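I'd like to ask some things about the structure below.
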Amino acid sequence: MTDLAHLTRRMEIDALYADYAHCLDNDALEEWPEFFTEDCRYRITSAENFEAGLPLGIVYATSQAMLVDRVMALRKANIYEPQRYRHLVGAIKPGAEEEGMLSVVANFIVVRTMQDGAMTIFAAGRYVDRLVRRGAGWKFAAKEVVLDSRQIDTLLAIPL
Amino acid sequence: MTDLAHLTRRMEIDALYADYAHCLDNDALEEWPEFFTEDCRYRITSAENFEAGLPLGIVYATSQAMLVDRVMALRKANIYEPQRYRHLVGAIKPGAEEEGMLSVVANFIVVRTMQDGAMTIFAAGRYVDRLVRRGAGWKFAAKEVVLDSRQIDTLLAIPL
Amino acid sequence: MTDLAHLTRRMEIDALYADYAHCLDNDALEEWPEFFTEDCRYRITSAENFEAGLPLGIVYATSQAMLVDRVMALRKANIYEPQRYRHLVGAIKPGAEEEGMLSVVANFIVVRTMQDGAMTIFAAGRYVDRLVRRGAGWKFAAKEVVLDSRQIDTLLAIPL
Amino acid sequence: MDTHALAWPMEGNSRVPYRVFSDPGIYRTELDRLFLGRTWQFLVLANELPDPGDYKTTFLGETPIVVARGEDGELHAMLNRCAHRGNLVCLKRQGHTDDGLTCVYHSWNYDLAGNLKSVAFRRGIAGKGGMPESFKLEDHGLRKLRTDHFAGLVFGTLSEDAPPLAEYIGNEIGGRLGRVMRAKPKILGTTSQILHNNWKLYVENVKDTYHATLLHTFFTTFRVSRLTAGGGVAVSESGGNHTSYTRGKTDTLGAAASDKLYANIQSMKDGVQLADPRLLDATEEFGDDITVQILSVFPNFVLQQIHNSVAVRLVLPKGPNETELQWIYLGFEDDDAAMTERRLLQSNLVGPAGYVSMEDGAVGNFVQRAIVGSEDECSVIEMGGFDHVSDNTRTTEASIRGFWHAYRPLMGY
Amino acid sequence: MDTHALAWPMEGNSRVPYRVFSDPGIYRTELDRLFLGRTWQFLVLANELPDPGDYKTTFLGETPIVVARGEDGELHAMLNRCAHRGNLVCLKRQGHTDDGLTCVYHSWNYDLAGNLKSVAFRRGIAGKGGMPESFKLEDHGLRKLRTDHFAGLVFGTLSEDAPPLAEYIGNEIGGRLGRVMRAKPKILGTTSQILHNNWKLYVENVKDTYHATLLHTFFTTFRVSRLTAGGGVAVSESGGNHTSYTRGKTDTLGAAASDKLYANIQSMKDGVQLADPRLLDATEEFGDDITVQILSVFPNFVLQQIHNSVAVRLVLPKGPNETELQWIYLGFEDDDAAMTERRLLQSNLVGPAGYVSMEDGAVGNFVQRAIVGSEDECSVIEMGGFDHVSDNTRTTEASIRGFWHAYRPLMGY
Amino acid sequence: MDTHALAWPMEGNSRVPYRVFSDPGIYRTELDRLFLGRTWQFLVLANELPDPGDYKTTFLGETPIVVARGEDGELHAMLNRCAHRGNLVCLKRQGHTDDGLTCVYHSWNYDLAGNLKSVAFRRGIAGKGGMPESFKLEDHGLRKLRTDHFAGLVFGTLSEDAPPLAEYIGNEIGGRLGRVMRAKPKILGTTSQILHNNWKLYVENVKDTYHATLLHTFFTTFRVSRLTAGGGVAVSESGGNHTSYTRGKTDTLGAAASDKLYANIQSMKDGVQLADPRLLDATEEFGDDITVQILSVFPNFVLQQIHNSVAVRLVLPKGPNETELQWIYLGFEDDDAAMTERRLLQSNLVGPAGYVSMEDGAVGNFVQRAIVGSEDECSVIEMGGFDHVSDNTRTTEASIRGFWHAYRPLMGY
């Protein structure tokens, strides 16, 4: 792979994570499932579960359709106070690309702001992802959101 | 635009935001107005005001000269306890470039540290900016600092 | 230096800081000294000491061997509660390259999570580094971790 | 400490024991006797909730309130606490409803005046469960506030025997209030500050005509306002309400003598000029030469006019050592684009980043930190003497003494 | 406020003064009389610590506890506080030791039953220092708890005179508990929520059969559960323990009538379908038609069965206004891969992000915020009448009244 | 709980009720009787503020203090609280002024000894306002502390009847203090730790000669210090001050026997070597063979010599459960570059990341967490017996008993 190809791929991946952050932070939840493949796996879990090899997910989805259902429930069924996230994603580290599947790890911190203005560090952790190329860009074939903390403040409504 | 040109522009923009952060975080306030054009607009507001279309700014400037005045007042007139910011800027996302004007959005988190050592998340939010090319680099023709929170802890002295 | 060379070097440096963050955040402490040269200098200090020109380090090492000793002590001698860091590093700014020595400054924020799940902003500040090329990549010939705060919460075990 | 009864110094209103700014027991008594007691507190602008079903939440002290525009076109204020098991009935800070107020917990539904209209499954299901016969909807409404209007501002109280609002404000202060609220207000934006100090330290600061030109050196440096300018302070009979006003274009001593005076007290910097003077390009809009007017109504309402910057400030207690200061920046319906731009530029003077207000966000905390261990010592409030009467000088702390004059009987001190 | 004695309303268990949810003095009394007193509290699963030397830490209220598997194969529970100068003996939340429990501060060593085995330098060095002759190892062990088992769950208490666990739980609730814990449990994972409300607001919520289908509109919208479905609630004689159960496949009114009923109370959305219905693809595993069963044991243990999602919940007080809710998600040793996957998918229903539980994480805080200033007002708990007996309806608050019936004598109200 | 009077156990200084480490009422009494009472507390190094106008802020307990070098060349210490309305007079932690101390709030100006020199607009403006005739500058200075010096260290107290500093420290401890402060100190740097525990838990830790080689396994592993080495502890007559000292190069038992002893108590790791031994490359600088000396002066001053690492530690209470531990690392004016480098390398041993001190930052919090619910239980302090006298062993808790001996009468226990 040429340096230029490497650099271009890197720019594409950085853009994917930037778009993902803006999607969630700007309440464009309806677009969120489109970052994933149809047969994707998505899980939010704690480092404690992750490292113990326990399969539980705080959110556990095995298809893009389940992500669509999650958004629909948030919009139509679930009740929670107005709140917003602010994602900072860093240390994005692509690994080896095998049969069109690229593994990527990254660090994130999410600050949550409630309607009254109170800000807290809601989540910190790492993404353990598998990306596949789709046309000009990339999609998540698998995304594990591994939270450093075993505790969730109040509730987790908006995805991470 | 070639891939290489794209990549180069991207590196320039990243550098602009990095320099901007170091300028504010290292108390080089006198250099801060130089990141802006002479007829720039600069506003700090809350997401609540921004989304309601309310024009108010916590800081509201319509020229580079007003930014110079802000710095002069901080140095010569206003009284506030020693404090420092630490900016982390991410998800920098350039949009379309139209008549030499490039729109860019980015996420930020600012940790404020007081002289006694107390650290807090002082601000989280997004930049909604318009950049113009000036020689080798870029300047802000317009910068909106959109804070997720409607609350400011104690006071806002140093710009964001 | 060509644009492409610039871009490639930049990607290498970003990768160095990303690998450094993952090393510390994923408890691969044994690999940590390998980010440094044999005769490296490493210091953690406060902005207060740094700006006053005081030489003290909270951690003060003048060789890679001392970093090896630090890790060994953490593993075999020192007692502290299970905890993990999450680094976000940004505004990475390479300076001039002189006789093979490249100076780089960067901002960082570290969130610390204790075993019960409590998260805090443990550290915020800047890296003031000197890098040298080693084979394909770079190593730290000198690293100053300059903390914005003069206070450390409880203790500092894992390096920054 | 918080069990220790407070003996007010015999000097009266010119001495304030620092304990009142930090004692948790005193704070709880304030919530009870002041904020839930015989005082009027600002709720909303009269035209802020135009349509039936519009509502907004706020606080009396720390107690959540909802204000709603009823089907009858009237504003109704009630505690934002469900009569069933105490859930917040309105979760959003501001909103609109087309079917009254419904509590999310068990779907009890109230009308916009707080009357209970329906109870989910009141009759049970298939003849089982449900509420007992003895349960009457009319016994379980939301607790209602009295509301009253003045100059486009809506106030509320839980007290049955508080005097009418106009009487509570008083004639002189009322006139000053009407002067600023000269037309239908238009909200330009809002912001809020978290102050790490007792709420009364901020209220003292607002009433403190003495500090402005000394602490806020921007005022003096750029001659926005000086104590040597004409002006004065008015205090209501109750003592609790005040107005200070400045005739900024005049100087009782003349610029040179004034400069000299301020030079001596070291809050003056020389040779400072604005690179872009549009910031201070004010215009006369109130039909008089008063350039700055600060007004307060006991215990926690503030109305500010600084040139063309008009704002309501609400001081909300959040604990013995914490306060939220809410700002509502106003224009008026007759503003043209130029006037709006003028107000926006002048808004740089006030708020959390205001050239002449940022210090007020910090100084209360400085006092809060300084008085630890000195709870039995007192502040000394003798500037301008010992009384709390109106006078045509601002070199006085009369309106602060007035505040304590109104505060003490309510608290039993 | 916190020194003010509480007079319980004469209405009894159908009225609860809001003060009990915020008063620091009442909270401290609860820690003492409830959590360190005559109640049984969940510690661990019986098969969670299989080997001698395995240990896990938990809490009785806010008091740290360690549970260890002894060399004798028995589980021992003790205060996690060194008898020397009070250090935490076990620093890790869970772990294994091969040489008993050693305090890091001065290396005092205890066996796995909490008996003090050795004291570093007890005899001094070279004839100097060391412990006095009067010091006896046997006088300085870790304080021990009583433990008891039921259906694979281990409970503990500091009380000598608490009844045996089975008696404390009661026959009916015990049977319901055994129904769910039908085989050796397997932990699928754990999580925890920090709730910004008093612990009892969450316990009321768990016992509240009335709220489920109203607050959690996902339940009704997707017909997972409705009050119109068959079911009921069982309350133990003590009042403190309960089970609610739903026969989800039945509807006492029929779907149409039920839809109409819910439409009226506005917690129903139309035309909503799951794009991927595997989420709700449940299977019958408990040998009856009960689709949802929620069970609690006084004061702070919860066992949930929602279709195939089984979880233990432990409610830990962390202050008057803060609570940790711990979740342990379970499968059983006979689960095949498909069953495990089913449980994992259904786990989306519960926990911090659960479709039918996320609201419970917030509503307690809504109440906590709403009652400020209303400490002397009361909640009204009359749904289903005034008693706390078992009945085949869930349109009742009987099990909540039962909680207060058990709470009051222990607290002396 | 915090209203409950404390009855000290009849065992005396060998038993400490855990309540004293968490009770808010006891904490407030400590601030009043200890920190604002009859004790001497470290303020600054005598040569830290060389020039008139130099000032630094610190605390007596939680009460803000400013220390300034006067025009007279003397150091003056005062409360950092303005006599007007209580603002912090000095906002910067450290600084220099050329025109005395001016409060930013209303520009009242004090000289460097805290005497009020001028009041802004004291005479009003144009004959209106200003201070009343009865107001006298001399009645409104900053409250002053007594200060006293010892071995280049400046201490202060608010007490009129505290004995002279040298007498308060005592001869033996004074000699040990002078031994370390052998020349004019040079600050190498400072740092600070926030400890989430009561201040006394850290003070006990400092005085605890028993824990060092057990908790800090680095000590033993690398043979930096062992209890088997020669040494001892000295306690002042008051009980409140102490020195422990180690002759690290000696071993009363011999290395082999010592290794065996430590092996048994499991704080020893084998075969551990430093890859870069320069860390421990110490040199003899105090004219004796004492390698480690820890010294404390009641209530909150610590002076440490660990080989060539010299530091002052100040223990500042920040609430019942929080403490700030400030470190000032010292060299001496006669240090050459090699000596400075040596001190910097050895500074790795101490401070927040110190190889032999990081555990001390955490262990107090471990105790704080462990004692919740055990407020009426007691720690057991019997190592070395029951008294608090000097002895040539460190296998004792005598100096901890001494601390409580000094603490109890001041608190009335």
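The letters A, B, C, D, E and F name the chains in turn, as written, and every chain counts its residues from 1.
Convention: contacts are C-beta pairs under 8 Å (C-beta built on N, C-alpha and C of every residue); 3 or more make two chains touch, one makes a residue touch a chain.
All of these numbers come straight from a predicted model, not from anything done at the bench.
Path length between chain C and chain F in the touching-chain graph (shortest route): 1.
Looking at chain A and chain C, the chains that touch each of them are B, E.
Between B-D and A-D, more C-beta contact pairs join the chains of B-D. Separating the CA-averaged centres of chain A and chain E is a span of 31 Å. Centroid to centroid, with C-alpha atoms defining each point, chain C and chain E lie 43 Å apart. Inter-chain centre distance (chain B to chain C, centres taken as mean C-alpha positions): 27 Å.
In chain A, the residues touching two or more other chains are 4, 7, 79, 81, 88, 90, 109, 116-117, 121, 150-151. Among the residues of chain E, those in touch with two or more other chains are 3, 91, 104, 192, 194, 215, 359. Looking at which chains touch one another, you get A-B, A-C, A-D, A-E, B-C, B-D, B-F, C-E, C-F, D-E, D-F, E-F. Considering their complex, residues 3-4, 6-7, 10, 47, 88, 90-93, 105, 107, 109, 121, 124-126, 148-151 of chain B touch chain A. Listed in rising order, the residues of chain C touching chain A in the complex are 4, 7-8, 11, 15, 17-19, 21-22, 25-26, 84, 86-90, 109, 111, 113, 116-121.
Across the complex, chain D meets chain F through its residues 1, 3, 18, 204, 210-211, 214-215, 227-228, 252-253, 261, 265-267, 359, 363, 366-367, 369-374, 377, 379-386, 391-396.
By the touch criterion stated above, chain F contacts chain C in their complex at residues 187-196, 215-218, 221-222, 269, 272, 274-276, 278-279, 324, 329, 340-341, 344-345, 347-348, 351-353, 355, 358-359, 361-362, 365. Taken together, the chain A residues at the contact with chain E in this complex read 44-46, 48-49, 54-63, 65-66, 68-70, 72-73, 76-81, 150-157.
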